[in-house]
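Per-chain residue numbering starts at 1, and chain names A, B, C and D are given in the order in which the chains are listed.
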Amino acid sequence: MELRNKKLTHDEFFKQREEVLRQWPTGAGVNLEEAAEYLKKVPEHKQFSKKLRYAKENGITLAQPRAGVALVEEHINLLRYLQNEGEADLLPSTIDSYTRQNRYNECEVGIEESKKAGRSMLNGFPAVNYGVEGCRRVYEAVDLPLQARHGTPDARLLSEIIHASGWTSNEGGGISYNIPYAKSVPVEKSIRDWQYCDRLVGIYQEMGIELNREPFGPLTGTLVPPSMSNAVAIIEGLLAAEQGVKNLTLGYGQCGNLIQDVAAIRALVEQAEEYFKMYGYDVYLTTVFHQWMGGFPHDESKAFGVISWGSATAALAGATKVIVKTPHEAVGIPTKEANAAGIKATKQTLNLLRGQRLPESKELKAEIELIKAETKCILDKVFELGNGDLAVGTVKAFEAGVLDIPFAPSKYNAGQIIPARDNNGAVRYLEFGNIPFTKEIKDYNRQLLEERAKYEGRPVSFQMAVDDIFAVGKGVLVGRPENMR
Amino acid sequence: MELRNKKLTHDEFFKQREEVLRQWPTGAGVNLEEAAEYLKKVPEHKQFSKKLRYAKENGITLAQPRAGVALVEEHINLLRYLQNEGEADLLPSTIDSYTRQNRYNECEVGIEESKKAGRSMLNGFPAVNYGVEGCRRVYEAVDLPLQARHGTPDARLLSEIIHASGWTSNEGGGISYNIPYAKSVPVEKSIRDWQYCDRLVGIYQEMGIELNREPFGPLTGTLVPPSMSNAVAIIEGLLAAEQGVKNLTLGYGQCGNLIQDVAAIRALVEQAEEYFKMYGYDVYLTTVFHQWMGGFPHDESKAFGVISWGSATAALAGATKVIVKTPHEAVGIPTKEANAAGIKATKQTLNLLRGQRLPESKELKAEIELIKAETKCILDKVFELGNGDLAVGTVKAFEAGVLDIPFAPSKYNAGQIIPARDNNGAVRYLEFGNIPFTKEIKDYNRQLLEERAKYEGRPVSFQMAVDDIFAVGKGVLVGRPENMR
Amino acid sequence: MQNGKTVVIGVIGADCHAVGNKIIEHALKEEGFNVVNIGVLSPQEDFINAAIETNADAILVSSLYGHGEIDCRGFREKCNEAGLKDIILYVGGNLVVGKQDWKEVEKRFLDMGFNRAYPPGTDIKLSIKDLKKDLGIEE
Amino acid sequence: MQNGKTVVIGVIGADCHAVGNKIIEHALKEEGFNVVNIGVLSPQEDFINAAIETNADAILVSSLYGHGEIDCRGFREKCNEAGLKDIILYVGGNLVVGKQDWKEVEKRFLDMGFNRAYPPGTDIKLSIKDLKKDLGIEE
């Protein structure tokens, strides 16, 4: 069957579904009709889509942590702690890395070792291995909406299990959960597999159950220029909408320059709405802002500074929710106390800023226009390469380097573009690879980087990107040469 | 001798000085010529005025903590810790409350009790009791500029001692260290006493030694409308300039609404410069932004949120320095570790934001115009009441309630105005007392509060102010009624 | 609305924190107390004199600046000497320098003869509830 | 500029953190090493095969996602079996789940047969300095 951006037919979906549910024994525990009945009983305050709608309509930014451990009881304790002590608004279940690679046998080892060691030997919750029964125990033990957060190129079985368990949102997408998370999964394969995940949500939607879907905005989380991540977000949004997804959250990872970050969120909403309208999709759109995804300072007080500044930016941008980092970020997976601390600092900042927005200005307007113009260059080319079909165009765009994610591990990613910060800390394109920008846009990006180079007394080079990657961990946004620190 | 805003003559100053130095035995240790020689040897990196000039010219915001304990060695340890571990840019010595009331006998008790108890029984460093010898030990033990921070209506002896000890800045002023800090000190008395402190700095200036002076901006730190604190700051700046002060830092305490806070700092600089020019003073002006001075949350993570948001606002406003709170704020005087933690969160935020400013916008411009118009109404009336003499006008303005600081303890303060937040969290005038605003300004303030009242479904009332006072401690900026939380 | 009881309030010692003082006055008046507010920067004598003059039922001492331990010593003894034998004495605020264990701090103040002591951040409504109980006022 | 030494680098297990991997490659090349980068998501076998094929002098294993302890077990034994008897083995990154005492974590990895182990946030320049020392390259 040829790849195309077209809603899967009943037969296509259910034929595939038979295989999917056989991928691991717990697949047998998923029954669509029974699951629909179960989902219909999810109370409003535990429905992701409802809580996001309320937040958007009331101008509130919600806070959601990341969290997941190997054993069900420990995972429940963790989530309840983040709910009760951490004051989280939305709950996650972060899925472990073996599950993300569909290596369920290794998950079993991890679960057994965790029992023996008395501490989690997995970096997340192995939802597939626990199946519907285990995942429902988690859902039933908490009082907030629950979402799977992972990084799984083929998340079909995982999606079947978590939705059937009352988890009302799923993060991911055919690009965003492949290119930054896998080495050798063809883009065509992951787009197909996420069409399945999206179609599953569409089928529930048609049964009157509104589940939320969230493409993963930050991609590699490392100096991704906003136009590139927005282009990917809009593509994944359109692909999801085609499969019948109606409640969609598009994301963006903080770059650090306030004007650029606010502009990125505004540009994303405006442009995504334009495309949904153009292609006739009726989607309820919300946004998620990820606090700084790059290297963190080791010092916990400094980490609080990074966390709070991300929260303030999310509020000023008017994002619907913010994904929270913790003061342990630099050293690995946080304790539950550190996780709660991150949420509390975040919520305090969000509450102080409730209702405050960055006002319109010449600078903000110009940045929004730039991001939208860059994004349009990319998207136009993607559609062109696919002869109008977005799925095909996306595959070809990665082959051609028209879509190109900096620092991504996938061999299907060209890896030709290099980003770096300008003198104000905004992320710009240093090497364009095959990104089809106009000369005007290229000149403007180059000019901004030349200004920085001049200020720093060194040429524009890859070293700038390297310095920028380590800068926040060292306490600053722009990685200046050593003699300027 | 009649009060007037006129540089003290040589005779007026030195006659008074004889009495001042006899107020406590350590006064005998102050020798102006010897002190000038000592001050001339202060290296550049320990000079307050130099470091502030550098920061202003390079667009950097500096971080300064508050800190002071009873015993010299412990005080030195504390300051060195904040310098080395806390990464402070500027150092304080917070003076204890007995010294602020010139109750040096009680300081002696506090010093003795502290030695016995093995912990500080004073809430600051009793600089007068230690005299030049003890204060120089502190100065010599640190590597950063040192400033006295206190709240002393009559700080003449204290100022003599600290400046003679190499402390290159002094906080305070005849209004800002009286009305919020004393119950029954006449305004005339404190203005005279601070004319002395300013003249002392002017005399050193004439000997080629540039000391910094900093009126205390936040006043009671409790819902002070920006135009009232800016009016006081400009008055104190003009009074200091008349006595020969050349390096001046005017201050403002965070209210919490970003646009209003940035507007307040911009209005303060623009309007102060206008007045200095109008009255022919040549002053190098810098600004200080005080992180939130009101009630803090008990939870330390939440406190970090408040601290970081204050830091971000200071950076976006382009303030020259920021005064730092600590995660222990809600429970009293912090440990040195908590103090350092506050500075580190602050510095991280400042560094991430270096060079970023809130761009011009319609809203920001309107807020700047409003603050300047309100401030001008007040200042015009002060000059009118003094028949052109600012010192006389100030005394009369407090009598008339034209200058009126909310929640101040002084019986010389009318206490007629009541502030409250509007629906966006900006601080407005609820009761105007005798503040001489135009009808237009009054109507606008009222209209903004009526909008909030309507939103909250309750009348505009004093209860709003009470709710606002406790709001930040409870995690929000605006004190909404209980059914809206 | 008056409940017939008189309370003296003020901030002791060299402490000039006026905001809470004004709010305590406001809250007590709302609950029907006759409030005598001697304000900030008040020595023990001012509290006691005000209590004698107004025949007060209770004295509420605030201290926000960390010197409370020094300032409050001997307060109960001075009250006894002045004939205020069983007057109710409360104290609250940031009573000591630094973050100390509240149980220990409370004990020190109860040992000094205060009937109740309150940690930083206590809602004044809580103290008023206690006060009504201690004064036998029905809710 | 080449120093004649070959190093295999990669990210072990189900770990897809690519940023540091690309920077380590960049830094090693700058210091004159011949770098064989097998990338992310690499099993032990891929490291070993690459080392045999290129006659490598050292293997630098990265692990950023907390599963390092499971993924690295038996690595030294596998190297020995494959004939890489004395090959230098380094490991570094966020090696375990959660904030644990580094001394204990380090010991666990040294006991597994790694020559050196590095905690989170180590500057790659430091590891390169150690590597040059261990390989007998003059600075």
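Convention: a residue touches a chain if its C-beta (ideal position, glycine included) is under 8 Å from a C-beta of that chain, and two chains touch if they have at least 3 such contacts.
Given the structure is predicted, the values throughout are model-derived calculations rather than measurements.
Novice: Based on which chains touch which, give the shortest step count from chain B to chain D.
Specialist: The fewest touching-chain steps linking chain B to chain D number 2.
Novice: Report the inter-centroid distance (CA atoms only) between chain B and chain C in whole Å.
Specialist: Distance between chain centres, rounded to whole Å: 30 Å.
Novice: For chain C versus chain D, what separation do you get between their C-alpha means, in angstrom?
Specialist: 66
Novice: For chain A and chain B, what's the span in angstrom between their mean Cα positions?
Specialist: Computed value for the inter-centroid distance: 44 Å.
Novice: What parts of chain A, by residue number, touch at least two of the other chains?
Specialist: Residues of chain A never touch two or more of the other chains.
Novice: Under the stated touch criterion, can you name all the chain pairs that qualify?
Specialist: The complete list of chain pairs in contact reads A-B, A-D, B-C.
Novice: Under the definition above, what is the set of chain A residues touching chain D in their complex?
Specialist: 69, 96-98, 100-101, 103, 106, 109-110, 113, 119-123, 151, 180-184, 220, 222, 295, 298, 328, 330-335, 338, 407-409, 411, 462, 466, 469, 473
Novice: Give the list of chain A residues in touch with chain B in this complex.
Specialist: Chain A residues touching chain B: 256-259, 297, 299-309, 311-312, 316, 340-349, 351-356, 358-364, 423-425, 472, 475-478.
Novice: Can you check the complex and tell me which residues of chain D touch chain A?
Specialist: Of all residues in chain D, those touching chain A are 11, 13-19, 21-23, 26, 39-41, 65-67, 69-70, 94, 96-99, 119-121.
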